[in-house]
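Please go over the structures that come below.
Same chain, two partners: chain A is paired with chain B first, then with chain C.
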Partner chain A sequence: MLSVENLSISFHTDEGRITPVQGVSFSVEAGKTLGLVGESGSGKSISTKALMRLLPGNASLSPETRIAYRARDGKTVEIHKIKPGSSSLRHLRGGEIGMIFQEPMASFSPVYTVGNQMMEAIRLHRNCGKREARELAVEMLDKVGISNPADRVDQYPHEMSGGMRQRAMIALALSAGPALLIADEPTTALDVTIQAQVLDLMRGLQRDLGMAMIFITHDLGVIAQIAHEVAVMYLGTIVERGETRDVIRNPKHPYTQGLLKAIPSLETLHDRLSPVPGDIPSPTERPSGCPFHTRCPDFINGICDVNTPVETSPLPGRSVRCWLHNGADSGRSAA
Partner chain B sequence: MLRFTLERLAGMVVTMALVSVMVFIIMEIPPGDYADRYAFRKFSGTGVSVTEADVAAIRSDLGLDKPMVLRYFDWIGGIVLRGDFGQAFAFETSVVKVIGDKAWLTLGILLTTLLLTYAISVPVGIYAAVKRGSAVDYGLTIFSYLGLALPNFLLALILLYFANKWFGADIGGLFSTRYQDAPWSLGKFWDLVKHLWLPAVVLAWSAVAYQIQTMRATMSDELNRLSVTAARARGVPEGKLLLKYPARLAINPIVSTIGFDVNRIFSELPIVAAVLGLTELGELLLKAYLDLDMYVAGAILLLLTFIIVFMNFVSDLLLAWLDPRIKLGA
Partner chain C sequence: MTAAENILIEVKDLQVRFPIRKKKLFSSEIKQLRAVDGVSFDIKRGETVGLVGESGSGKTTVGRAILRAIDPSDGEVVFHTNGHDVDIAQAEGEELRKFRQHMNMVFSEGSVNLSSLASDRLRLFRSRMSLVFQDPYSSLNPRMTVRDIIAEPLIASGMMKDRQAIDDRVREIAARCKLNLEHLRRFPHAFSGGQRQRICIARALVSRPDFVVCDESVSALDVSIQAEIVNLLKDLQKEMGVAFLFIAHDLSVVAQMSHRVAVMYVGKFVEYASTEQLFFAPRHPYTHALLSAIPRADPDAEFNPIKLQGEIPNPLDAPSGCRFHSRCPFARERCSQEAPEWREVDIEHFVACHFTEEFDFSRQKGQEPRE
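Up next, the complex of A and B:
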């Protein structure tokens, strides 16, 4: 239902042009969840912001970018061509694609009640009156497991606890009935126990409402629980893509392998944690060749730092951008 | 909201009571009183020698011989119960008669100036923040510096010159000669409006320049908030979004400084009034002080502080309405 090809985003800053996202391609199928994983600064958030044209004014999409979205009425919307301020963009935002954010407190306006903001979304996208919108808001709050929804609907965000606010945020995003939900680290700011509840809730809601989801996180453990497919991002490119289960069992890219090793586990309590060495370079000083070569344990001198790897497919249903796997598949990546 | 309003109202009453005591003490501080001044005026140069007893007689006539505390309660009691601000000795009539019209005109200039200030600076500030970094934004910034740098009286003179040249406006005053002493009528009111814009523009000038920058800065901050992106992500139309989310919070520092703006207008008013030939309270206040005409001075001081305190009260209510977290005490 959503296909993204060659998404590149540039920012014009005082220090010049930086391109934090380069040539990203992925697709999302109806009813399925795509997980986007990566460290902070890998460009996963801005990639999804581009899907809703929420990038700031100094950002621009490259001319090769293609973002196609098939709406519920069967029409295909070319998101990269859509005009800012047009009614089709307003319909897309919220009505077709919903979004929830990492900071539930900051994503609500503090000066309006939760119900006010929900009813606003409902009335923008569903043709209904005030009373009906309110009933729907209460119903949605109930659905996300908030007790006393009829009272809570009139509360301000600061009167709720963190977990409850994130539930309310989910209810807000879902109240307009989107077919695709983008969740930008929705559990990162929450306690572990609440994190599990919210994940559970989102999985349940996805099943009940039959919507697709893009789930952004830096936590592969969370991905394992919720995503059907996963795309691992590093410095603005997708380095590995595939079915979640396969990727976690048999990671091909050294970065994915490093991320998996870095997850703390109870079984290996006495071992030291093994982080991915080094820091993520700044997007202004993008390394030449493979962007990961500065931190890669399997770095091949003279190749990785010179040539940018192309996407290859070492296994069915898997794509990797790495010179380690290019040899095995040289027939397709001769370019 | 009702409870909040009542609390603030009580606060205002207490403040005004304290202010009235202070005003009364300030009135007492200058050496001598109106009895001395009266005796001096009446008999100086006539060759009549004035004794202490004569002055004391005048003093007792004017009621100035009673103890201070008693006079304070007489004074404040008269104001609160009967709206009687006492005697204007030098004018040999009541304070209300002396101040009356001038007070209303001062209030008119003040409110017009405030309305003009906010009606221009808030929308322009929002626009500058939205178009941040554009040519319009830079132009407005240059205007702001000009506005802050240009002295009021100079601006008043320039505007007066052009108003007269282009529109044939009268030089100075708040009324045309035709309406100067006429009773209030629709015609006189319209005449007042035609004269009021000039002092209002002069007085609002620097405040507009300043508040545009305030609004632009806070609006720029608010625009970067996640809640604004979140609202945009649910498809709220841009115009409505700007007013409902960032602008409502960005206006906060402007609303909370209404009291300061009133204060600033009062302090700039006398010099502007002098240039434009307006009758307002500042000039009268100075004269009343020189004459030791204490009840006139007291009434003016009390009125001015009351307006400032009242505008602060209004600003508190507006703030609570803008941001419900304030009255919820969170």
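Up next, the complex of A and C:
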């Protein structure tokens, strides 16, 4: 449905050119959820912003980037070629691809009621009158589990609580009926009980509406519950990709392994946690070779810090960027 | 040492109320927001007490009130030091002044009720307790070097005056917090989130306090860094014998850090027990619901969060009776009429629920990972 190849994004800043995303490739199938996990600065948010062409003015895509999206009418849209401000981009945003942001307060306008903002989105993408749009807005609010939707539709965002606002945000994103929903840390700012409600809601809506999702989070626990496939990002590259269950059960990349070990577990108390040593390098000082080599426990001197690992597939349905697995392959082919 | 002597801080019926003024056309109405409404617990020496709850439950206010960063409206916070009970909190005027020069001595001899201590004396106590904030980016002054940041508590409390002695102390604590000597000359902007949090911890521990409040201290950090800070705090506790009040909304981090855990809901404690008891045999429906809502990084683990109805109530009009009754799946008539008593149902296991005896929320412990 959506395929991204060689996505590289660079920014021109006062300190020179930085490239926070380098050679990212992934695809999303209809009706499935892709989870993007990564720590801060791993480039997970800006990669998905590129899909909606929402990057700031000083950003540029590399010429090798290909983003192909198969729209509902069967046509393939090449997102990387669309001109900014064109009508096809407007149709894509919201209509085909919906987006939910982390901070619902910042993504609603404070001066319009929630209903007003929803009606605007609905009328932009569907050919319908005001009354009809309003009815649809109430219906959507009801669907996401907001009580008294007929009253809530006339409230301003500040009159709602955090969890309710996030649900209204989901309703807004879904009101134009997108085929693909990008959710950027939709539950991070919420309490666990509300997070559980929102996750449950999103799973249910996906089942009912059959849309595809890209779910961005730093919480592998959330990924385990919602994503069919997972891509682990570190400093702007996908280091490991595969089916969620396989990746969590049998991680191949040292970073994925470290990340999984670092998560405090509720099952074993008072164990010492095992952190990933070192700090995340700043984007301006991107390490040479494999970006993870500065913190990797299995670092091979002379290889990992010099050459960038290429993508290999040690298992069916899995891709890993690491010399440990590359080495095994090339060794076999040489023999 | 007996258990009672081992107690460092005793909180009795702590209440914090904030007046909220509502303007009307010709008059104004003052409502009391009960952020903390009658909380009692104790913290032992060298122990970590975890405090969990959803946003708006009042956990930060409890931490601040114990430190007297916010003035409690009612109740006592008794700070026990070794041995006798000299309650200088009740002392007044002339007597207080006499105590003043012996303040450092008094610390090691008596217990002090912090909630009624006047500000000049409070200052002397401040070096005995400390605070680590959530956001390591906004809690460090960008114009001060790391050395000055870490040294500030020593200077502000008047504990140390000699520059050489201050330098020695700063270097010692920096080394313990795994900061290099060259880091001390730099400014905070040059550091990453994890390093900044280590600076904050060094600052909190430089005066060798008995008690430190960690308010969401690891929440803003990435998972791989978070584990390192949790380990560091545990190590420092072993070395220095400091007690922590560890406030967080992430239950799994609290489980790793704490010896005992308290669960808060709309200004009140609902449960307080050892970590083991609380996580594997909770007695309150709210604790049970919270635990069930944590997504596990295990695709085969059952994930059936208990659906609580609605949202956390506004403390301005908290529900009558048991505050959880409006969302509790087991609520009955009595729950909405009568506030449940805070009672000890097992050894050091406190619960506020009328019907706790009827529930069995205990769950199987997972297998220990083999190394």
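In this section, the second predicted complex is superposed on the first by the 330 of 335 C-alpha atoms of A that agree within 3 Å, B and C clash if a C-alpha of one lies under 4 Å from a C-alpha of the other, contacts with A are read in each partner's own complex, and residues count from 1 in each chain.
The rule we apply is simple: contacts are C-beta pairs under 8 Å (C-beta built on N, C-alpha and C of every residue); 3 or more make two chains touch, one makes a residue touch a chain.
Quantities reported herein were computed from a predicted structural model and do not represent experimental measurements.
Per the definitions stated earlier, placing chain B and chain C onto a shared chain A by superposition produces no clash, and the two fit side by side. Residue by residue along chain A, chain B and chain C are tallied for touches, and C comes out ahead.
Within the superposed three-chain model, A:225 lies in touch with chain C and out of touch with chain B [touch as defined at top]. Once the two structures are overlaid on chain A, chain A sits at the apex of an angle of 80° toward chain B and chain C, using CA centres and rounding to a multiple of 10.
Judged by the touch definition given at the top, the superposed model places A:133 against neither chain B nor chain C.
In the superposition on chain A, A:36 contacts neither chain B nor chain C. Shared-chain residue A:111: touches chain B; no touch with chain C. After overlaying the two complexes on the shared chain, residue contacts for A:101 are found with chain B alone; chain C is out of touch.
For the three-chain overlay built from the shared chain A, the minimum Cα spacing from chain B to chain C equals 8 Å. Overlap of the chain B and chain C contact sets on chain A: empty, with no shared residue.
Per the touch definition, chain B reaches chain A in the complex via residues 225-227, 229-238, 244-245, 248-249, 322-325, 328, 330. Those residues of chain C lying in contact with chain A across their complex are 54-55, 192-195, 222-228, 230-231, 234, 249, 251-253, 255-256, 275-276, 279, 289-301, 303, 305, 307-308, 310-312, 365-369.
Residues 39-40, 147, 161-164, 191-197, 199-200, 218-225, 244-245, 248-249, 258-260, 262-277, 279-280, 282, 295 of chain A are the ones that touch chain C when the two sit in their complex. The residues of chain A lying in touch with chain B in their complex are 52, 54, 85, 90-95, 98-99, 101, 103, 106-112, 117, 120-121, 124-125, 156, 158-159, 172-173, 176.
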